[in-house]
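These notes are about the structure you will find just below.
Chain naming follows the written order as A, B, C and D, and within any one chain the residues start at number 1.
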Amino acid sequence: MVEKTGVKGWSTDEMAQKVAFDIPDGAYVNLGIGIPELVAGLVPEGREVIYHTENGLLGMGNSPEKGKEDPELINAGKKAVTAIPGASYFHHADSFTMIRGKHIDVCVLGALQVAENGDLANWSTGEAGAIPAVGGAMDLVAGVKTIYVITRHTTKTGESKIVKQCSYPLTGKGVVNRIYTNLAIIDITKEGLFVKEMAPGVSFSYLQTQTEALLNQ
Amino acid sequence: MVEKTGVKGWSTDEMAQKVAFDIPDGAYVNLGIGIPELVAGLVPEGREVIYHTENGLLGMGNSPEKGKEDPELINAGKKAVTAIPGASYFHHADSFTMIRGKHIDVCVLGALQVAENGDLANWSTGEAGAIPAVGGAMDLVAGVKTIYVITRHTTKTGESKIVKQCSYPLTGKGVVNRIYTNLAIIDITKEGLFVKEMAPGVSFSYLQTQTEALLNQ
Amino acid sequence: MINKLVSSAKEAVSDIFDGATIMISGFGEAGSPIELIHALIDQGAKELTIVSNNTGSGEVGLAALIAHKRVNKMICSFPRTANSTVFPELYQKGEIELELVPQGTLAERIRAGGAGIPAFFTPTSVGTPLAQGKESREFDNTTYVMEKAIKADFAFVKAKSADRYGNLIYNKTARNFGPIMCTAAKTTIVQVQNFVELGDLDPECIVTPGIFVQRVMLVENPADESRLIAENRRYPW
Amino acid sequence: MINKLVSSAKEAVSDIFDGATIMISGFGEAGSPIELIHALIDQGAKELTIVSNNTGSGEVGLAALIAHKRVNKMICSFPRTANSTVFPELYQKGEIELELVPQGTLAERIRAGGAGIPAFFTPTSVGTPLAQGKESREFDNTTYVMEKAIKADFAFVKAKSADRYGNLIYNKTARNFGPIMCTAAKTTIVQVQNFVELGDLDPECIVTPGIFVQRVMLVENPADESRLIAENRRYPW
């Protein structure tokens, strides 16, 4: 339906930029695989942000130059990365001590569905025969202080990803703090969903038509 | 009573030597504070034994030369020690992973009382007003594969330290495998106490008179 | 004298029995002890339970072990990776069992196994399908699930360097599950690129003290998994 | 820019409040952050709960803090050491509370606090007075007691070197409780002998990643506790 009305809202890069703007100086951040990874390149100048990757590196740097990839220096998405000066390596139990123990400030994740109570579904569509794979997502949402979701507002077939109740298997209950979509930035509070910002050309009433859950202004 | 009969049995060094003889090549060993520490110097030549001290060192070596003590290189008794080539340092949680996780082969400890079922009391006489202090003793007896106790057979006032039931607060239940005293070496089994070896001049009947618990030959 | 170096991969894995539980280090290919796994394929043990974060890629290493139907059950967090087709096919046919565990819970269960902790409580997975059937409990008004330790008969680990005591250091993010797996197995078998003299490893920098290691095998030039997969190699070759 | 170095001991401890729980590293004098403790004595916070393996010696460091009646409760494994008279006297007068915890359980409870694990089971202390009143439970026919995590408002830790991110390395057996205490406090304050450039610490050898450290204070020549005690020094001097 997004396509039909012609309202595209923010581009993926713009969405990531919105997230990046909300990451404070000095934050320890874990970025999920895919679109969340774009955030690292868009943090405003002057802020020093330290990236954690759950496979055992704090202080993850940019992608290496072509030809300089090291198969033993990778991120959680198994892509070659680099380590910044001041980085450290550690084993998996220590890495998840950082996560579960609430030491990481911000985690940015993709979503299949986010419910108005903050429930997140992002690991399985629950289809019969699909290979379930959860990785570190459940640990991240249970342990990181602030969870940001970055996702298109609706699915390819036009269904709202911001729902009253998740129909897919949950990743965590009541864990999401803020949603960044192509149409809006929405805060999840105990009082419900509050629209913080809308993309150019998006009206509140239009946004509500694209959203299964009830929005507040 | 030991004094009265004139039977002194083994000296402290001889007791420690008996323990040392039973430590196999390649063993990982934790020695308690005091008399157990003598064992390290008496292991038969040709055996390589690695000593663990619970304050964070595997591969503890001899005492340093006078004047070369390092206050940051100490053992569990807070005495200056050295580290052998191949030693490693680690934090307390990792150190007790070695202990609780049953990675240490042998622990040699002193005792106030040992009961015939293997119960050990070695941390507190339970006296009112005494300052209770347990240190790592309860972890060691709960976690180390084989627990050897080295102790005089009787107290200074002639009471048996090998008892039917400990009257002092326990360090652990059913944890002791073998007792080395000045009079005998005694194995603790599910079927009771079995005398493995007696000091020169000690008869079984004499040994039994010095022992509250029932002995088997 | 203590010398944990064994002379061949064959010797390193000779006593692995049918039905054994084996932990295998690695996150993707980083830290995966391919040569040990291949020696196990040659050795023939079957009906294995494998504890590893992934299920292998292509038809080398862990994926090859699975392809040879040696594995009854996988305990892992992410059985679906790029170039991972062997496990999914067997799983969809119902020919291999899967215990899916969140990655941090998997790490903590292994660490607990090594540390003599039989069970612990964690906030991870509360309210999700992975907490179903598990005991849950409140502490300070928050709900946690109880998770049990995982121990293994054997661990296969890849490290960078070892000495004859079995002290280990690792390389970058290839460290991952190695150090905790070393602690949680009755027999830990490690493949390393360098075997060094006692004292060459800085005692302040040793990651795995030798007490957690039973056997060390030297593999100076371990396979590059990505390249093997790109070349469509299959083990045995 | 991240720079965790603070310019004075006074600044490092300025926000410590009455009633705070503070973890203090050290095993005997090895790893004991004496200068931080002395700054706390000057600062004046009282009614503290202190988590530390021992209770200090002589009348310096932790013993001096206790002598000044700033501590309501000690959580420790071994309150009785050579030259330790301050704690025993107050304890016998009933003026200070003691929670005695086996050393490995103390370490594991602190580690759990830092790792988001609210409780765990351990075989240590089963059947002893220290298990009394605690929930116990069988796993695989063995009895274990449940122990709860310890967390703190502040941790005082002594390390060898730090960089501006707060990455730490330690010195020999002075490491002891430092790394786990860093993880278990809201605010971890570390005194170090060396402050180094970012990148000077080998990323393979960093023991405490900076994420667990909030403040670093440089004390290039820390006091030698044994010497102070031999000289009958008392803080404040």
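Everything that follows uses one rule, which is that a residue touches a chain if its C-beta (ideal position, glycine included) is under 8 Å from a C-beta of that chain, and two chains touch if they have at least 3 such contacts.
The structure displayed is predicted, hence computed values, not measured ones.
A.B. asks: Quick one: which chains contact subunit B and subunit D both?
C.D. replies: Joint contacts, listed by label: C.
A.B. asks: Count the C-beta contact pairs for A-D and for A-C, then tell me which is higher.
C.D. replies: Looking at A-D and A-C side by side, A-C shows more C-beta contacts.
A.B. asks: Taking each chain's centre as the mean of its CA atoms, how far is subunit B from subunit C in angstrom?
C.D. replies: Subunit B and subunit C have C-alpha centres separated by 36 Å.
A.B. asks: So, what's the distance in Å between the C-alpha centres of subunit C and subunit A?
C.D. replies: 29
A.B. asks: Could you grab the centroid distance between subunit A and subunit B? Build each centroid from C-alpha atoms only and quote it in angstrom.
C.D. replies: Here subunit A and subunit B have centroids separated by 56 Å.
A.B. asks: In subunit D, which residues are in touch with two or more of the other chains?
C.D. replies: Residues 108, 111, 115-117, 122-123, 170-172, 204, 207.
A.B. asks: If you look at subunit A, which of its residues touch at least two other chains?
C.D. replies: Each of 83, 89-90, 93, 96, 99-100, 142-143 in subunit A touches at least two other chains.
A.B. asks: Treating touching as the only link between chains, describe the layout with one word: line, ring, star, complete or other.
C.D. replies: other
A.B. asks: Using the touch rule from the top of the page, what pairs of chains touch, sorted by label?
C.D. replies: Chain-chain contacts present: A-C, A-D, B-C, B-D, C-D.
A.B. asks: If you look only at subunit A, which of its residues touch subunit D in the complex?
C.D. replies: Listed in rising order, the residues are 25-26, 28, 48, 50, 52, 58-59, 83, 85-90, 93-94, 96-104, 142-143.
A.B. asks: Contact residues on subunit D for subunit B in the complex?
C.D. replies: Per the stated touch rule, the residues are 27-31, 53, 77-82, 87-88, 91-92, 98, 100-108, 110-111, 122-130, 170-180, 207, 224-226.
A.B. asks: Using the touch rule from the top, collect the residues of subunit D that touch subunit A in their complex.
C.D. replies: Going through subunit D, the ones touching subunit A are 1-2, 111, 113-117, 163-165, 167, 183, 198-199, 201, 203-204, 206, 209-212.
A.B. asks: Can you name the residues of subunit D that touch subunit C in the complex?
C.D. replies: Residues 108, 112, 115-123, 139-140, 142, 144, 148, 169-172, 202, 204-205, 207 of subunit D touch subunit C in their complex.
A.B. asks: Give every residue of subunit B touching subunit D within the complex, in rising order.
C.D. replies: Per the stated touch rule, the residues are 53-57, 70-75, 78, 83, 89-93, 95-96, 99-100, 119, 124, 129, 131-139, 142-143, 169-173.
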